[in-house]
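Going in written order, the chains are labelled A, B and C, and every chain counts its residues from 1.
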Amino acid sequence: MTTMAAELHGVVEAPPSENRTWKKLRSNRSALFGFAIVFFFVAIAALAPVLPIPDPTATNWGLVRKAPSAAHWLGTDELGRDLLSRMVWGAQASLLAGVVSVFITVAIGVPIGLVAGYFGGWLDQIISRVTDALLATPFLILAIALAAFLGPSLTNAMLAIGLSAMPIFIRLTRGQVLAVKTEDYVEGARAIGLGHFRIIMRYILPNVFSPILVQSTLSIAVAIIAEASLSFLGLGQQPPAPSWGSMLNVAKDFLEQAPWMAMWPGIAIFLVVIGFNLLGDGLRDALDPRETE
Amino acid sequence: MLRYIGKRLLIAIPTLILISIFVFSLQKLLPGDPALVMAGEERDPKVIEYIREKYRFNDPLPYQYFYWVNGVVHGDFGMSLRTNQPVLTLIEQKLPVTIQLALMSMILALLIGIPTGILSAVKKGTVVDYIANIVALSGLSIPNFWLGIMLILLVSVRLHWLPASGYVSPFVDPWRSFATMLMPSFVLGSAISSAFMRHTRSAMLSVLKSDYVRTARAKGLTETIVVLKHAFRNALIPIVTLGALIFGELLAGAVLTEQIFTIPGFGKLIVDAVFNRDYSVVQGMVLCTAVAFIVMNLVADVLYVVLNPRLRDTL
Amino acid sequence: MKLKSLAFALAISAALTGPALATDLRIGIGEDPDALDPDQSRTFVGEVIFAAMCDKLVNITPDLTIIPQLATDWNWSGDGTELTMDLRKGVTFQDGTPFNAQAVVDNIDRSQHLPESRRKSELTSVKSVEAAGEYQVKFNLSAPDATLLATLAARSGAMMSPTAFKKDGLDFANHPVCAGPFEFKSRVQQDRIVLQKYPGYWDADKIKVDTVTYLPIPDATVRLANLRSGDLDIIERVAPTDAQSVKDDPSLTYADAPGIGYQGLTININNGTGAGNPFAKSNLLRQAFSLSIDRDALNQVVFNGAYTPGNQPASPKSPWYDQDLPVPARDVAKAEALMKQAGVDRVDLQLTVPNNPQSMQLAQVIQSMVAESGFKLNIKATEFATMLAAQTAGDYQADLVGWSGYVDPDANLNPFVTCNGGINDSKYCDPALDKLMQAGRASTDPAARKKAYDAARVILDRDLPLIYLYHPTWIWAMGKKVTGFVPYPDGLIRLEGVSKS
């Protein structure tokens, strides 16, 4: 068991300076590639209003579920709307749903997990029990209640998704803190009278960073898909405005007749997830004090 | 350790009470009137009022809660409003199904996720790493319904290798039971395995660079032993956390996968019960899944101690 | 390994030497039914099960004529307040209880007086039922009610064993006993309902399968895939967009029947907070709205043309359809003129829609169509229970609602539009209309009834508390092994004559 202490001790060398982190990130080719993908989607989402694409809600009864063609590069959907345009406009809702909800989760979940793991005792008990309660409550119930009380909007959908993903982050953080806090260097820091806040920020947080980063990048995909099921409860993006998730949901009924309807949003979600994961990996490597060029 | 587990189980009782109170208050929080849903097109006010009275919807919530707890303590979880079946019967019918699906998906996910995660960390930056990552991330981004329907169309409709749906108990026909559960557990397992793979990879990367592993290498141990015996064990914390959580989630049911493969598990039942405001079913099922989460949380905490015995004093 | 191959050999030899294998018919249904008790049941899919399990007093033909089932003959008294029925002799319920006049009396009594019964409203006209002989019953009505026969052809007329329901009460739903061709064997919620042939059935010759297994598979694509893989023999409610591929598939048989149900918009005219808007107040705006919809295009886009566009509760193919008021063609110019006449050029309207992909698609088509005449439709997706509560409480402006339909025209209209109608959530009320609806019920002469309903139609077409859109077509698909299936407009699967080779 001393071996484990030795190994964990190694992890907590001084965190790299910001400058070095950036440098390492920039020289990491796959991280740059990930950044490029994410940037691409963010850019088209932001540029949607000025791109030369048709109105994403313009229906055409004569062009229902048509395969990709010169006029409609990605084909048309169940109401004859241009899928390229819907993909572009849908990027806004989906990226927001993915990124903001994960941000909410991390911003609230990680501090709670840190506190629970670090202080332990009754505080940990309360946090863990409430987390259990949150986990045991079906997501659907939370969503219906939110839809009824807060009304339909994309923001409320992000809130619902963020809340439901929180227990994972609380537990991941807590578990990691438990593993680190008994280490000699933390004890040492305590012995020399460092404040809790300093200890957490300087010695604990850097060690829980890695799994949180991995989980965040994974959660983005889950959130984008979850937004769709929410739009069916009156939360999330409301029709006829597009989102990738709701496009997938509709495409489900036409998997055989119009496979392209499911294909584009599927590919887009995949690419965004790859992008964020590569970026996350790069960030992980850059923040890892032992990682050298 | 046993004392610790005993203590934790005792602490679980107030947790269950907390959860059940929370679920009970949902009756008031959710819009929609269960009596109205149950009455259907019969709008005779007498019928609706009768249903309200019968299921105590008119009573104050604390009274309802008392009756319910009293029943549960005596093994009576109430009746489904929708089908008149005892909730306990529903749980008995669906629990084995849900456990089987959860176990098979979990085993599959661990079998795929952890080895690829280790391999990918060891071969970081190589083609193997890239391919493993891309496969894992596609497993995560492919929606369950898409994979499920495609598998049915390919494996069952085109190739006739496996039955498309329908649950068979392993006690009736183990082979057929395994065959019907294979595709759904693959669909669930593939998404979960990507999370395992990514976490394993990341944790292994941290550990492989540590002094401790360097020491092991320096001692002349073979790389396989270094990786599997020394490094992996220390990378397990996030995997244990995640595994316990995911297993708990699987025990709460997987709605879409159950629906596509027509597996009578918890997920679809809870969703239907929520939509129908069949509160006795919702309450009974949530109590079950709450127990699952508490047990899994306990398992995770015990495993932390096994992995890092110094924690024993702090827990 | 050895053991396994031995077991395998045994199984093979058993299959070869044993008696002919029992034929099991596997039917994929769209949802899991609720309580299997005709008095408590409220879902359509429950009726699908009852069609195999519970014979009714009377039955219908595919062209909706009422024919004998457990009652062999019936007569109306001259003033239409007494219905006398002769009952079939030699019929026993699946628990051996004999079927007779007393059983019918007990059944109707249960439908009317069981506190949980959902059949009360349909049977309000029945004052009393008495046994006029061992095999004759007399229904005494409080007022003439021509709809009663059709009511007795549905769940109210489904006969359950009095022995069973007196013993089991509400628990009857968990082991129902009726007088139909198949008896209840087992049920696992959301998994399957298994029925087996009842050897003592009065018409046993027509029954050609030994067991029937109903499997609830909510997803239409998956249901069809299960049929194609051979896991199922018959599926109901094939998605209209899949109809063509079923027809093209040489290994499948296609069947359809024009439904008696409809899909439409319920407008909140005078119910609580949702009323009071211009759309609720002005029938001109509602006419404009109806004229803005291209019902043909809607049918083509959403249902590949498989359904029937409509503007009345009865489909244009029904004898009850009023031919003088045909389905209106889309006319945006006229709609705009009507809006001008109403004094507005733009109307904001919230449409509440059930949360399934097809309804959402439908709502978006309507949204797009009416936008051209100046209606700004705001779609609100809601799950069923919330929608129902809001609709009853009047917390809605317009709802997208479907109705699976009854055989008698009265049951498809009366509850929705009469002042005290049970499901009148738009709270539309016009005494003149009520009088006509009453007249339609009072006579047993179809021609006189039709005249009354046509007159009612004129009023409703002017006021439009409901805007009808289309009539679904029931679509079934089955494997080539299945023969003898007859499609019915009520969407039920009747197994008489169905066999599987």
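One rule holds for everything that comes next: a residue touches a chain if its C-beta (ideal position, glycine included) is under 8 Å from a C-beta of that chain, and two chains touch if they have at least 3 such contacts.
Please read all numbers here as calculations on a predicted model, not as lab measurements.
> Need the central chain here, defined by C-alpha centroid distance to the all-chain C-alpha centroid.
Measuring from the global C-alpha mean, the nearest chain centre belongs to B.
> Can you name the chain that lies farthest from chain B, using the mean of each chain's Cα atoms as its centre?
Taking each chain's C-alpha mean as its centre, the farthest from chain B is C.
> Hey, how far is the Cα centre of chain B from the one of chain C, in Å?
Computed value for the inter-centroid distance: 37 Å.
> With chain centres taken as the means of their Cα atoms, state the distance from chain A to chain C in Å.
Chain A and chain C have C-alpha centres separated by 45 Å.
> Just the number, please: Cα centre separation of chain A and chain B in whole Å.
21
> For chain C, write out the residues touching at least two other chains, lowest number first.
219, 221, 383, 386
> Which parts of chain B, given as residue numbers and ranges, touch two or more other chains?
Counting only residues that touch two or more other chains, chain B contributes 30-31, 145, 149, 153.
> Can you list the chain A residues in contact with two or more other chains?
In chain A, 144, 148, 252, 255-256 touch at least two other chains.
> Quick check: in the complex, which residue numbers of chain B touch chain C?
Residues 30-34, 36-44, 46-47, 50-51, 54, 80, 82-85, 90, 93-94, 145, 148-149, 152-153, 156-157, 160, 163-167, 259-260, 262-264, 268-269, 272, 275-277.
> Taking the complex as given, what residues does chain C use to touch chain A?
These residues of chain C touch chain A: 219-221, 239, 241-242, 245, 294, 297, 300-302, 355-358, 360-361, 363-365, 367-368, 379-383, 386.
> Where on chain B is chain A touching in the complex?
Per the stated touch rule, the residues are 11, 14-15, 18-19, 22-23, 26, 29-31, 130, 133-134, 137-138, 140-143, 145-146, 149-150, 153, 194-195, 198-199, 202-203, 205-207, 209-213, 215, 230, 234, 237-238, 240-242, 244-245, 248-249, 252, 270-271, 274, 282, 286, 289-290, 292-294, 297, 300, 304, 307-311, 314-315.
> Okay, in this complex, where on chain A does chain C touch?
Checking each residue of chain A against chain C gives 57, 59, 61, 64, 78-80, 144, 147-148, 152, 231-234, 238-240, 249-250, 252-257.
> For chain C, which residues are in contact with chain B within the complex?
Interface residues on the chain C side: 32, 34-37, 40, 42-43, 115-121, 170-171, 173-174, 188-192, 215-219, 221-222, 225-226, 228-231, 383-386, 388-390, 392, 415, 422-423.
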